[in-house]
Structure formats: structure tokens, C-alpha cells
Amino acid sequence: MEMATQEEEAWLWTQIKAEARRDAESEPALASYLYSTILSHSSLERSLSFHLGNKLCSSTLLSTLLYDLFLNAFSSDDSLRSAAIADLRAAKERDPACVSYSHCLLNYKGFLACQAQRVAHKLWRESRRALALALQSRIADVFAVDIHPAAKLGKGILFDHATGVVVGETAVIGNNVSILHHVTLGGTGKVGGDRHPKIGDGVLIGAGATILGNVKIGEGAKVGAGSVVLIDVPARTTAVGNPARLVGGKERPSMHQDVPGESMDHTSFISEWSDYII
Amino acid sequence: MEMATQEEEAWLWTQIKAEARRDAESEPALASYLYSTILSHSSLERSLSFHLGNKLCSSTLLSTLLYDLFLNAFSSDDSLRSAAIADLRAAKERDPACVSYSHCLLNYKGFLACQAQRVAHKLWRESRRALALALQSRIADVFAVDIHPAAKLGKGILFDHATGVVVGETAVIGNNVSILHHVTLGGTGKVGGDRHPKIGDGVLIGAGATILGNVKIGEGAKVGAGSVVLIDVPARTTAVGNPARLVGGKERPSMHQDVPGESMDHTSFISEWSDYII
Amino acid sequence: MEMATQEEEAWLWTQIKAEARRDAESEPALASYLYSTILSHSSLERSLSFHLGNKLCSSTLLSTLLYDLFLNAFSSDDSLRSAAIADLRAAKERDPACVSYSHCLLNYKGFLACQAQRVAHKLWRESRRALALALQSRIADVFAVDIHPAAKLGKGILFDHATGVVVGETAVIGNNVSILHHVTLGGTGKVGGDRHPKIGDGVLIGAGATILGNVKIGEGAKVGAGSVVLIDVPARTTAVGNPARLVGGKERPSMHQDVPGESMDHTSFISEWSDYII
Amino acid sequence: MEMATQEEEAWLWTQIKAEARRDAESEPALASYLYSTILSHSSLERSLSFHLGNKLCSSTLLSTLLYDLFLNAFSSDDSLRSAAIADLRAAKERDPACVSYSHCLLNYKGFLACQAQRVAHKLWRESRRALALALQSRIADVFAVDIHPAAKLGKGILFDHATGVVVGETAVIGNNVSILHHVTLGGTGKVGGDRHPKIGDGVLIGAGATILGNVKIGEGAKVGAGSVVLIDVPARTTAVGNPARLVGGKERPSMHQDVPGESMDHTSFISEWSDYII
Amino acid sequence: MEMATQEEEAWLWTQIKAEARRDAESEPALASYLYSTILSHSSLERSLSFHLGNKLCSSTLLSTLLYDLFLNAFSSDDSLRSAAIADLRAAKERDPACVSYSHCLLNYKGFLACQAQRVAHKLWRESRRALALALQSRIADVFAVDIHPAAKLGKGILFDHATGVVVGETAVIGNNVSILHHVTLGGTGKVGGDRHPKIGDGVLIGAGATILGNVKIGEGAKVGAGSVVLIDVPARTTAVGNPARLVGGKERPSMHQDVPGESMDHTSFISEWSDYII
Amino acid sequence: MEMATQEEEAWLWTQIKAEARRDAESEPALASYLYSTILSHSSLERSLSFHLGNKLCSSTLLSTLLYDLFLNAFSSDDSLRSAAIADLRAAKERDPACVSYSHCLLNYKGFLACQAQRVAHKLWRESRRALALALQSRIADVFAVDIHPAAKLGKGILFDHATGVVVGETAVIGNNVSILHHVTLGGTGKVGGDRHPKIGDGVLIGAGATILGNVKIGEGAKVGAGSVVLIDVPARTTAVGNPARLVGGKERPSMHQDVPGESMDHTSFISEWSDYII
């Protein structure tokens, strides 16, 4: 891990402990929870491993086993930790309902599902596939978030609300992407191979959007809520509707300058889109 | 609590116990469950607090702590109890699959999520925000229903099926509203402030509808299943489609006389709408 | 149970144990899980009953009670077992992400929810309705799959990903049907009676599709992702969009020859549909 | 199972259910417990298997596994059931604090430990030693009763209070024996082979008595509380003290006519013994 | 509750919270435990009810039910609370290993078993016998302390170490009594009625002593470790041995001036007793 | 850790895994248990930490926390590991009922309590007393073995059966000591300071023996079952009875040559002792 990231991790962990300490002091009913999940731990990776182990365990997959698994992964792989840090920052910066880093760490099922998937992905790459798939199943049961362990996720990802998200085996998600709940990055049939969407950096995908097939959603593109996307979407354009059309027209779509995955601007295209509204 | 409501509460509790007793007698395999959740309790608030405490607890948030929290809230705040009663009535009257009040009390995740959110809302208003957010997280994990504790909910609300419902921080839902599963009352960006929909009394929102931004859905309006609504919907009109349009046209939309949130008429607009169907 | 099915069951169980044994050997961290769920059991019905009992139990509905309930049902009713076998085959054949039968048996919430619903359906038909509804509630909490116990399900059904699926009381689903996540087979109002969709054999319903009312989706028809269907869809045609229209037009819709519920071809209609894409 | 025993079993089970029903009616707080442990079951063997499974389970030995194990044993082996019946009768007849059969079935750790040991003994005889020893360990943890699975136990045995009882590998206990808490039937060294006490029919062993080595406690003998017995005790005599001496003297010990294991007369020898009391 | 006792309760609770706070600060690994058991509660009775509910619960007797039961008892019955306070003081004053009040409250199984028995005794007196006996059973399983709910216990009682203590149905224990582990206050046979020991105020009973029958242990008497007592022991005398004899002789036993139950002097009689030692 | 011990640890771990593998193969019902406790772990310290964490956890002291605590202790302190190894050897060599090392590791509550106490002792010495005492309490609840964390334990210790063992704060136990169940090494009063027995190397203490006060049990001495010892016992002599006397007389006690703590010869003194038997 680079020095800068190490410093950031240290800063963030200090911040999280300060938040938790403040909350524990003002709310005795929550203090036990905050001590067990955050304040009793010596590092972010231990806190996160403890929390995931207790959240994802079942009567047949014990918390101690999962805790061990997560702790080994987070301790040995810097990139998992730096991705977690980038995701925490993403939630704090992009979601106005995110009141603190500890709030995201403890309560955001999208954040937790994403960290657990990254560990599952590491297992998948190490050919420990049965274990990776068992993890996927626990994440899908507990968080209602179903991301195949083979899917590749970037950093700085925000799965906001997250319930119902489905991401297929050959999907790729870039950096600084924001994906709302009920979003599907799905396949197209029963043939294997490369069959799921590729999401570029900085993309924003609205709630309930369904993107199917090996299509490319270009950098900084935006997919409107409820859209059904079966085609490529060029960089910095907006696709909306069912079936999804490019705002501004297929030939000369409107381009935006901001990075929607970071600006989280869901609805600025309305004025243009409203032409279709009777 | 007013006398009339007290009487209603007493009547309803008597009814629920009678239903549970009948079920326990005819189904020994379920008797233990019915006694622990209903028949061993002396009041509706105790039964509900016990059930929520056991449903929402985790290894780090114990059932006894949650039971205490819920019981304190329901015992000290009449409006929470009268809202629960109105919700039980709503489910029984509007959902033909609801065979009894006890069925709703025990099995409806929408009902349970809603009661728990009201307690979280009370905590939020008392500035116990960390605890309120922890509750939101448990509700989102257990029921896959994600309602921000700051959102304001009226009475007589039916969250039917409820899986995947997302309601944002500044959303307001009126009385006698019916909301199907996968419905989103979402925000529009990363700026805070008043940014979520306001749902009037008697509104019906169909399955999978997405309503974004600080828009107003007028009293007695109807939003069709799968609609994506980014605009105000006038009272007693119907919005359908993606993007949602008013049935009858923007200028002179068709008006209905019934209260869709109570009549649950999801599809009467089809004849009119079918003009758009090729 | 017919001889052929008995042989198939024996073959499949042998296969599942071989897969689990191979995984247990290569992944010690998972061996305990694989022995408790599969390798310690003498039959598929015992393994499945154990797994469902442990997945669906709660602090008020104990695993031993549920295990007993499931084992009694699967042991005494051949059709439940042959349906489970057909569903396992369906997942393995139609879903390229399904790497083994044991993967489906252990990890597919759609498969598990479906088997549990069939037991609930059996209870419902035996007038043990309170117990059937309690099971439905557990399935909805644990898997976020909400299928009314009165709904009739055929064999060879694949609920892929499954999160958010809602199937109403009078719905009927034929054989060899594939249904993606977030699909609703819903009702139309608060009046009881026959009010939910009838899905023919071999139908494919894409992610997020909402089908409302007592409409008929003909044999081998296809419903596109995100569609909102309020009308009958003839056999071997494709309905897409919100509101859903028949590809090729209402008068002379395009017909396909394959069985979409088995071929899982989600997107071949795009070329035709893309005419609507601006 | 003989007809007479079958009838007794049926009578006893009817009795137990009647007791539990009466208690459930008068004590709602206990009704859930009584339904889950007794009233929801169709037979004594199911009730007992359920209760033992839930008492003896741990996070690594699941209740469903143990339930299965116990139910298989009790269902297939009549002698286990008739021994349980004799033990229930023994407690009810000999212990004035035993208010009902259901009280013994649910609450007597001596009774429960004894039934579980008999199943472990059956496993031991079937050469399933690792499982038998795991059961012994669970019984020792949960009930603080440590009986080696190889020890042979008769019928109509009362382990009263039972905490701290230790019975070694080659010990044999006859029929209608009563053994108080803290009693040890121990070995004499590190050499294997036949090295533990043999307890005849109708023997009574007082609290805290320690009997060591392959000694013979004759039929109807009595061992006083706190005695340390290293020698044979003839039939119908009483041994008391540390080291234990025969009441009446080694040469011509006093003989009693009753069966102490059934009459439970702990202290009638006091007058004679008091000669030793200064 | 008298004013003085109220003040003492308030003082003690302040003390306990201060101890717990100090421990939580110096030992983060224990902070979660201390907050959940002590620091999150508003009163001693709530803390104690929570702790007992979580210690004594099982899969069939839920913690929420027990918590409710204990809280109702401790809230409504001052004498239960003042007895608990006297017991806490007894442990702190008499046991040099007791480092703090919170140490006793959290960790002393004798203290916890005693408080739970007092609640069971209250239930017994209210004719809620089945529930009282179920509690006895849980206490016996969890703490290996078996006190019949009908037994009458005074205040200021110290059950030191406590494992293996057995106290029968008609036993009575006075105030300021200290009883070591493995002590039996047992009956004499199978006839009901008044058949257990009566222990006077200020008595000390050494480890492993067995006292049988309706005998009277006079005020301030002492029973040596391992003694077997079948006779009355006069006030302020010492009984030792098996069978127990009075130190100094039956006719003119030695009298002591201190209160052994408070001074905890186990062995001062040795010099006198050693005459019997060869 | 010395090389020889490292090799022994490696050999023993290989042995334990081989035993567990053999048992898992011959007993599928136990395989899940054996994999989770032994076969999935990479070292004895991980297996032991996992097993202790799961055995000693409670709803307020989570298994993950305890696992972490034990693993840190066993990993960082060689002497804890070598003591565990010596204890495993002691059980296997001295207890004819100990069929394998894995049997001891998994099932011997004396072994497990002893290892956990050593960790508590380490915490005590590091001034983490509140945590050490909390551990003591869990050990006392779960195993009914109550050893103060300040007590000093040697290596090669066998607590056989172990139920009811009580060891006080200032007790010291040497190497190669064997202690049966119900043994007390207790104090003499309420004054603090050095007040508990000192047990020399190679001592054997029989079941139910009570040793009180700061007395010295010399090297290779033997204390008979049920003895009450209030005096020093010279090396290689035997004390028996209540009160305990030296076999052979106080002046010229019989001396033995073997090491009773290793030879486990409980009863060879009988012939001599029997002179006291009338």
C-alpha cells in the first residue's frame, strides 16, 4: 500500500473511531453495538472483518470462519483496503443522507455487499470457486444484493440503497461509478462467455435500470431510472426510457460535462426528455 | 389516546387473539409460534414489540435491547399505536390476500417495516440519530425495505409485499396511501435539502414505480406500475409509463372519483391507456 | 414415483455428493458446510429439508420444527421431489453461471424459495393455511421472494437471481418457465377471486417485468425485461415495453420457434424493437 | 415393543399432553415452550428427540442433526423408549418434588442426560464411537453429568438433581437404581479393562458418594451420602462414611428388607450409625 | 422500599456504573459487554433482568420472554431488589476474590442463580408453578445450581463458587448465610412434607457439606467442608466430619462468638479437630 | 519455542488431523463438526482458539471476539502452546478412556477449561483483570470448572472429568499433576493474601477431595477421594479421610515410589487404610 493511502487509511480510521465514540457517548443504548463493531478493534480491516463475519454468518457458516476469511483477505491485500476506503469516501461525498463514515461502514448494505464481493472475487481468481459462490449466496440472502464473484469492480463505487442489485459473471464496473438499487447488469441467454455489460468510469445508473448483454456504457454516461438498455451508450451521454433512447437523439446525443457517477445528477435531463411527455 | 381509539385497540387485540387461538388449535405445529408472538402477551404493543425485537435483532443488536426500545416507544406514544391499528385495518380491507389481522401482524414485512420505521422516526426527531439509522439498517437487511428514519409517514398505510421499497430522507407520505413493492421515492442528486417526493392522501403507487425529486403526487392520484415519475401529478389523475404521462393528456387529464389508495384499482385506466399500445 | 424418476433422483444425488466431495477436498474452509448440508445426508430430500430448515428458521420458528415439516412433505409426496429435480436440471441447463447441481441446491435462493413454496402450497391445499402463510413470510424475509402459497407452480422452473419476485394468490405458472428477478405476477385491486396472471409452459419473463391481472401469457411467449403487461400475450410472441406491446404489432405479431423459457434468449427481438429507439 | 409397554407408552403420552395442556392454559408465558416441546408433537419419542436436540446442540453440532440422530434411535429401538418410560415413572414415584411426568420430561437434567446417554450407548455398541463420545461431551457440558457411553444402564433409573454425576466406562447400573447428585462411579488408575463399579438392582446411592474400582454394590444395598466406597457392599446392607463401613459391622452387617432404590430411605440408618457420632 | 434502602440502591448502582465505566475504558475488548449488560441500562433492576434473561434463555425460552418476566418481578417487588443489594454487599465483604460489585453482578453464578431463584419463588407463591419449575431447570442447566423454587432464602446470602449446590423444596435459609459450592440441603426419602434442613441466620456451610433431613442448623453455627450432617447443630457450634460430630463433643460443644456466615472462618476449629487426626 | 517442542507440536497436529480425518470418514454425521473444529484449520492453535471461542461465547461475548483473543494469546506465547501439548499428552497417557488426542482436544472439558484459564492467567498478569474475570465466569458457566485467573498452573495437568473443580486465587499447581472432578483448592476465610493450597509436582488428588488453606501438598503426594485436607501433606505420602490423615500415621507415614499424578493409582492404599474399616 502506498504511503499516501496508508495515511488516508489511518486518518479515516481515526475519524471513524471518533464518530463512533461520539455516538456511543450520546446514545448508551447503541454503545455496546459501537464497541463491538468499531471501538474494540485496532484497525479498519479488523472492524470490517468482524462486522461482515457477523452479518453474513449462518448456522452452517460460522462467524468465526468468515471473520478469519475476511481478515486474511483484507490483511494480505492492500488493494482491498484501498478500495474500501475509496468506497467509504464515495458514499460520504455523493450521498447527502450519509451522515458519517461510520454510518456507511455499519449500515450501508451496498458498501458491505461490495466489500464482501471483492473478497469473493479474490477467492474466485485464486480458483477457490466453491467458497466464492457460497459467499455470493450469503450476500444475496442477507443484503438482497447479488453480484457474481467473477464480476470486476473498480474503486470508489457507491451502491446506493443497493437492494435488488444484480451483477452478472462477466460484468465489469469502472471506477467512481454510482449504481442505485434494483439495477441489473444482466446477460442475454444461456450461452456462456462474455455476455454482461461493461460500465465505464464515472457512470451513474438510476434506480431500477436494466442493462442487458455485452454492451458498453461509456465513461461518464448516465442511465435514467427504470431504463431498459440493450445498446451501447456513448461516453457522457444519457440513455433513458424503455427501451432506452439517447437523450438528444441517436445521431447527435446531448453531451454533459460533469461526471454523473460523482455528481449524482439524476434528473437534469428532464427538460429535454419532457418533450416525450404528453 | 382518544376513547374511540382505545376501544378500537381493545377490539382489535381481542380479535387478533381470537384468530391466533383458532389457528393454534387447528395447527399444533404453529401453536408455539402463535403463543410466543401473540397469545402470551397482554397487549398489542407488547406483542408487536416482541415480534419486532426478535425479527430485527442481530448478534450485535440483541433482541432484549430492541424489545425494550420498541416497548418504550409504543407504550409512551399513542400515535404510534393508533397508526399501527390504522395500518392493520388498511391491510385487511385493501388486500384480498390478507386473511386476518394476525396474518398481517405476524407476516407482512411491509407492516412490520412501517411500524419499526415509525419508532426510528420518533428517535430521529428526538435527535437520537445514530440509533435511528441503525434501526433503518436492520429493517433494510431483514425486510429489504429501506425507509429513511426522517421520512414522514401518515396512517392507514399499506406497503403491499414491500420488498425493495426505498423512501428517501425528505419524503412525506400522507394518510391512506397504498404502495406496492419495488417502489422508490428517491432523490435527485448529491445536494441535501428537500429533495424527495411528497405523496398526498389516498394515493396508490403501483409495483416498481420510481418517483424522483421533490415532486408532488396529489391527493387521490394514481401512479401505474413501472412508471418513472419526474413531474407533479395532479390530484385524482393517473400517471403511467416511462417517462410517466398523465392518462388523458397533460392538458386535460382524466379524473377519477374513487380513492385509489383505498380502492386499490390498479388497472382501470388500461382501456384509455391502450391507445398507446400498438 | 415412477421408476425413471427414481433413477434420475438417484443419479442426481450421486452427482451432487460427488460435486460436494470434490469441493470439500479442495476447500477445507468449506468442508464443514458441505458435510452438514449435503455429505452427511442419506438422500436429496434430507439434504434439502435440512438446508431449508436452517435457512428459514427464526428464533420463534425453530429449525427442528421446519426440518420435520419439510422432511415429512418431501418424503411423502413424490411430486415435490420430482419437481425439485426438474428445477435443478433447469438451473444447470439454462443458467451458464450455474457450475454444478450442488451450487444450485445450496446457493440459489430462487431454487430454495421455490421448493419451500411447493411445501407451503401442499399445506395450503390441506387447509393448513396459517402454517402455509407463516412459511411464505419466512421465505419473503430470508430470500426476498414472495410467492403466495396458493399459487400453482409447474416443474422445471428457474427463478434466476430471484430477489424481489412477487407471485400472487391465483397465479399459475406452467412447466419449463424461466422467470428473472424483480418479476411481479400481481393482482389488480382489492376484490378477491381469480385475479392474477396465468403463465403458459415454456415462457420466459425478463428481469423487472410486471404482469398484472388475470391475463394469459401463452405457451412459449416472451416478456421483455422491464415490461409492464396488462394484456394477454399470444403463444410464441414477444411483449416488450411499458406499456407492453407485441413485437411486430398487435395485429400480426412476430412469432418465434424456440421455447424461450428454455433457450433463455432475452434479447433477440432487439433488432425488431430498435425501430422504436430514436 | 410388547403390547403392555405400548399401552403404557400411549397412556403416559396422553397424560403428559394433558399436563402440558393444563399448564399452557393456566400460564400463557409458558405456553409457547410447552407447545414447542410437547404439544406440537405426535409422540413421546418426537417430543423427547426435539427437546434433547435443542438442549444439546451447539454452534458446531446443529439441533437438526441431533434431532435426527435421537429420532432415529428412539424410533428404531423399543428398549430405549421403554427405558425412558420406566425412568419417567421412577422420578414420579420416588421424588416427592416431581409434580408431573411432563415436569420430569422437560426439566430433569438427570432424566434427559440418561436418555441421551442411552442413545450414545447404542452408538457405542454400533462402533460409532467418535459420535458417541461427542454426545457424552455435550451432555457433560450442558447438564454437568458425565456418563461414559460404554457404561451400561438399566431401566427405572432416577438420577436425582444429577449435577456432577460421573460414571466410568466399565460401570454397570442395574434396574430401579436411584443415584443422587455428585455421585462418582469411578476407576482406579490408568490401566484399561474392567475397572468401574457394578451397581445391583434397587440400590440407592446418596449424594456425593464416591465408589471407586471394580467393586460390587449388591442388590438393594444402600450407600450413604458422602461415603467413599472402595470395597464390595453386600446385598441389602448399608455402607456409610469415609472410608465407608457397613452399618452393623463388617462381620454381621444390618440387613434391610425394603428396596432403597425405590423407597429412597436415605437416613433410617442414622440411629444405628449415630453410635459413631461423638 | 424504605428510604434508606432506596438510597443504598442508588448508591450501589452509581458505584456499579462507575466500576463498569472504568473497566470499559481500560479494556476495549470488554466495553461492548459492559455497555450491553450494565452501562446501557437506567437501573440495577434493568441491568440484572437483561443479564439474567440473556444467561438463562434457550432456543425454546426466549431472552425477551425471560427479560420481561424478571423485569416485572424486580420492578414490582421491593424485597427482591433489597435482597439483591444485600447479596451484592455480602459477596463484596466476605469474598476476598470479589474485586468489585460489578464483578459479582456479572460473573458470580451463585449471585445470579440466587436472584433468579427468588423470582421463581415469587412465581411459586403466586401458584405459577410450571413457570417456576421451568426457571429452576434453566438455572440448574446454566449455573449447575439447583434450588427448588419453594425453598425460602433470606437476604445477604453468599453462594460462593456455587457449582453443584442443591437445595430442596422445604429448605429454609436465614439471613447472612454463606454457603460454599457442592453443598446439599437435601431430603430423606420419597415422602413429601417438611423434609429439608432449616439453616439459621449467620451460618457458614463449607464446601461439599451434605445436610439431610428436616434438621436445624442453629444461628451462627458452622458446618465443616465435606461434612455429612444428619442431626441438629446447636447455635454457634461447629459440626465436622462424616458423619458430622460437634467440635468439643456432643455434650459440651465448643461455642464461638463470631458469626461464621460473615467472618467466613472455615478452619479455626482445626486445632481442636486435629485431635482426631492420626 | 524450542525446536524439540516445535517438532512435537507439528507431530501432534498431524496426529490429530489424521484422527479427525479417520473419524470424519467413518462417521458422516460428525464430519461437519470435525471439519469446522479441526480439519479446516492450519494449526493446533487455530483449532483450539476456534473451539474455545465457540464453546465459551454468549450472546453478550461474541465468538469472534473470543476467537481473536485466544488466537492472539496462543500465537504470541509459546508457553501456552507447549502447556497445551503437555496436557494433551497427559490425558492420552493417564486416562484409559481417552481414545485419541482429538478426543481430548474436542471433548474434555477439563482440558478446555485449563487452556482457557491459562489465557485468562496471561491477561491477569498483564493487568487486564476485568477481561480475565469475565473469562473465568464463562468457563465456570460452560464447563462448571471454576479456576481463578490468578492461580498458577503447571504443565502436563490432567483435570479428569473436571465438573465442579474449584481452584482459588493464590493456589499453585505444579507439573504433571492429576486432579479429579469436584476437587476444591479453597481458601480459609475472608482475609485476602496467600490463602490457597500449593500442589507439588506429580501429585494426584482424588475425586471430591477438599483442600483448604495455604497448605503444602508435597511432590508426588496423593490425596484420597473425598478427603478433607487442612494440613500439609509430605512428599510421596498419602492423605485420606475426613479429616484427612496420613496413611501409615502422622509420625511415620507410608512412602510410595511412583508418581501418583502420572500413575493414577487411586486405591493401592486400601489395604493399609482398610484397617480403619470396621
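Think of it as A, B, C, D, E and F in the order they're written, each chain with its own count starting at 1.
Rule of thumb we're sticking to: a residue touches a chain if its C-beta (ideal position, glycine included) is under 8 Å from a C-beta of that chain, and two chains touch if they have at least 3 such contacts.
Everything numeric in this text was worked out from a predicted model, so none of it was measured.
In this structure chain E contacts its sequence twin chain F using mostly different residue numbers, the overlap staying below half.
Sharing over half of its contact pairs with D-F by residue number, the repeated interface among C-F, A-C or A-E is A-C. Computed from the mean C-alpha positions, the centre of chain B lies at a distance of 58 Å from the centre of chain F. With centres set at the average Cα position, the gap from chain A to chain B is 27 Å. Among the residues of chain B, those in touch with two or more other chains are 29, 32-33, 36, 40, 54, 59-60, 62-63, 65, 144, 163-164, 182, 208, 226-227, 242.
By the touch criterion given at the top, residues 24, 28-29, 31-33, 35-36, 39-40 of chain A touch chain E in their complex. Interface residues of chain C, counted against chain D in their complex, comprise 32, 36, 40, 46, 50, 53-54, 60, 62-65, 67-68. Of all the residues in chain B, the ones that touch chain A in their complex are 58-61, 65, 69, 128-131, 133-134, 136-137, 140-141, 144, 146, 148, 163-164, 166, 168-169, 182, 184, 186-193, 195, 208, 210, 212-213, 226-228, 230-231, 242-246, 249-250. Across the complex, chain A is touched by residues 59-60, 62 of chain D. Listing the residues of chain C that touch chain A in their complex gives 23, 26-27, 29-30, 32-34, 36-37, 51, 54-55, 57, 63, 93-97, 99, 103, 106-109, 142-144, 161, 163-164, 180-182, 206-208, 224-227, 240-242, 263-267, 270, 273-274, 276-278.
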